[in-house]
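Across the two complexes that follow, chain A remains constant while its partner is chain B and subsequently chain C.
== the complex of A and B ==
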């Protein structure tokens, strides 16, 4: 069971933190999360993360926008308010494409961003984790939640793998 | 990070900056007190904005009869300005989305301000159709909403309605894309701030902490937004061109309009990005980030799009001649040698002739030359919209209704006011928000240094 303490190591650069994360995974330490100023490529595998599923959500929102826009325009043009323009067919679909396209993009974009914010719990009221350790500036952190008693071994391991400093913190809820 | 410069690839950022330097250089602009140049710029732009706001009030109060329009020329400066500003916005999306998809890493220094420019330009564009309505408080009538007026909806077959959806979607997606990109940088600023400023930034950064689990999904969403914005930018100016292309006016009714408009939009937008960036890099001392390499790359885009626009001008003339249609032929001859010929030839000079100087690498890397040429391109592209819109209308099928159009001071002042709005917003942006996407620049610091 994960303990209530966090062990946080700090590195100076993306290459060293990535090497340390890989070594920790190989040594059987389970890394809770990394905190970096920019996305470090290769970290997904080093943390053992599954690929993001938000692409599927985006497709869902896009399809909802597309069918909603086409359906609504069709209902208006054919059933609720059919307008005779030079005898053209009420259901002439090419004229419906521009609005359908725009609403597809609008729903997909706004829906995906909203899903991301809700899924990652980002909101104006959220308290950032590990604030003040420089992860938004120039420090690269790895945070572990080791089992009670394993802290000392983990700290030594991280220092061995290039960490500038290692500290113990209360785990955020 | 190795400090030796690569012979093959120039570094994207000069001066061997570290991540800390990037945070320091970018945040300091927003943290320190503004320069005199900034105050002078804001004073000038807000004065122009005030003039524009007063004239908008005047024309709404009196009615748009105060414009120079007549029964023959029903659209002129208003729609010219609308198309001009929408076009300006397109370079921002091109830089932020399309160059991202093409993995053009040089975009990282300029994408934030280019995106801001997009949003402000679309705001300026939106003003013109709104005031053209005469009663802007009824603007919500352009949206389909349930109403008690019997079954009554907007006309989904009208290109003007397509425009409503295109422009509002474009604004919404650009604004979300921009704010989304700002999140990590707002967190960087938050960590350096204290007091009220820190609380405001804490709320605005949505509790961002650089967690890799968040970064992973963030990058996916960023890629998706770029993928969505790319067809969007093409669709927006395509739909704007439909306003003209679907009509039966000679000079408007042509199938070349969508690619021609999109290309012209990118052309004028890049010129405006250059105008802004060349001022901004000096005014807030960001020369190490917005380097001559960036200026050079943007000039190349301008050169390419200038030639496509030039080709479109030629194609239009050829098609008019080849069609054998006398109305079509007259419309184009009238552009070339009619009463508005000065506008036409200024357009050709600024948009086709002047950018040819960019074949020279020396010109592309000379700041005064590029600045002058970027202004000329903006003038030329405004002329292009005026030529297309006004010359096609002023002499149509019936010679007895031929009229000339001259703008009144109200139209000129409103246009000046739109520049005031644009620059006021841009100056405020430079002062309060990170002008350079710090988290993206930090990721490319190693480029060309190994």
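== the complex of A and C ==
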């Protein structure tokens, strides 16, 4: 990706950036990514993003946590160290449920976050993308990677659609 | 204009259903009094739960200054506006105190040391007074919020933004009063069916049950209103949010059910286990049905994100939840009133469906009384953009 020219437009609010993203998509410009201070409702659809597969990863981790917790408790309380607690049965007991529930939630939560970090390549060592343009403050950015020669037309298009400024940058990484 | 939920034919059909329910109730009080009065308590708890759940939800949304629900608010208000119907059913329950509640038999109280100790609270006059007080308080909260909401209609005098701000304050205070009064109400109306038994989580469990059933009913009513073009402003994102809340409350209901069960099962003390011991045998089927219909089925149906945006899926899950609520109330009430298990097949269903038919009729009436959406609501623009 290094050396790719980026055209980055900046907007002042979520509504205007959303409208611009929709207009750009309708006009056939493919937006590379949006950088906003908070999640903007409807931006996924405006960028034409596929639904994330993170939900499926989450389900996988949850099922792993559930079966792991039930299996381990079952093994402990039936085979490894059976204990008679008030005559209650060793297996298939409601007492297994709280641990299974908590481990399901824990595995699903941590696993999903870890998956996200790994697949987005996020770590403290990573250099922020588009640093200093205010995307973590109060500016709403759309980044495009236009084909050579299309930059000028794109810039004019973005300014026409409410961008306060548009700049050309070298892509990070 | 507001065409409401029902056309003339649907109204006639619902009146028939209500008449059948009333006839079944009147005949049942002669033929099988215990069962029939129990059925009345189930119907009353169901209908009051729908109204009170909707009212609590409305107050929570106001207190949180939520914007997304502005297009749904009149539907929630109309659900809460059925409280007078619930009050009528509770009045019948109060009239039947002696048939329903074991503690109202003086000779039983005197012979029983545990009940003697509870006599100051479990008293027929106090029961009637407290029931009236709960319903009056809730209706007062509803009337205040409704009046503020009507100020946001087109052509009504008053500042709509100030009304929204006042509704927020009223809701914050009301929620505290509601939380306390609903806890007492669920102890009075439902837990005292088993006067020896107690469970500190029971009011929570009943509150979430009521909130869940209200959300499910709201899903169904909103989908029908949307199909009729009355609430055309409601978009997939609004259904998605209703679906998310329903899904969450369904899981939370199951969580609370299990919290109650686990502690009782674990400690295995006779005074606590008595509740579940009395609900074995012929009641097991209904107990399983309530867990299946209120939790397992909606969980499976609503898990994918797309399912919560689909009218058909959402309505199916909501229908399951409403049936599950009926089974849950039956299992809670009936074993304490009629000692033999009859399921839901007879007078129980007739009375319940009759009461629910009346609920829908009253809902329609309240809903028609105002425009379907408050056009001057300051949150309306946000809510419309949300869909």
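The criterion applied here is as follows: the second predicted complex is superposed on the first by the 164 of 173 C-alpha atoms of A that agree within 3 Å, B and C clash if a C-alpha of one lies under 4 Å from a C-alpha of the other, contacts with A are read in each partner's own complex, and residues count from 1 in each chain.
To be clear about the criterion, a residue touches a chain if its C-beta (ideal position, glycine included) is under 8 Å from a C-beta of that chain, and two chains touch if they have at least 3 such contacts.
A quick note: this is a predicted structure, and the numbers were derived from the prediction, not measured.
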- [ ] State whether chain B and chain C clash or fit side by side on chain A once the two structures are superposed.
- [x] clash
TODO: Identify the partner contact of A:128: answer first if only chain B is touched, second if only chain C is, both if each is, neither if none is.
DONE: first
Open item on the list: Contact-wise, after the overlay, does A:86 reach chain B, chain C, both or neither (first, second, both, neither)?
Closed with: second
Task: Touching partner for A:30 - first (chain B), second (chain C), both, neither - done: neither
- [ ] For A:113, decide between first (touching chain B), second (touching chain C), both and neither.
- [x] first
TODO: Using the touch criterion from the header, give the chain among chain B and chain C with more contacted residues in chain A.
DONE: B
Open item on the list: Looking at A:55 after the superposition, I want to know if it touches chain B, chain C, both of them or none. Which is it: first, second, both, neither?
Closed with: both
Open item on the list: If we overlay the two complexes on their shared chain A, which of chain B and chain C does A:98 touch? Say first, second, both or neither.
Closed with: both
TODO: Could you tell me which stretches of chain A are touched by chain B in one complex and by chain C in the other?
DONE: 55, 95, 98
Task: Complex contacts: residues of chain A adjacent to chain C - done: 15, 41, 51, 55, 86, 94-95, 97-98
Open item on the list: Under the definition above, what is the set of chain C residues touching chain A in their complex?
Closed with: 237, 258, 261-262, 265-266, 268, 305, 385-386
Task: In the complex, chain A residues that touch chain B - done: 13, 33-40, 43-44, 47, 49, 52, 54-55, 58, 72-73, 76-77, 80-81, 83, 85, 92, 95-96, 98-99, 101-103, 105-106, 108-110, 112-113, 116-117, 119-132, 134-138, 141
Open item on the list: Taking the touch rule as given, give the residues of chain B at its contact with chain A in the complex, in rising order.
Closed with: 1, 18-20, 23, 144, 151-153, 155-157, 159, 161-162, 165-166, 169, 172-173, 176-177, 180, 183-184, 187-188, 190-192, 202-221, 224-225, 228-229, 231-232, 235, 239, 242, 438-440, 442-443
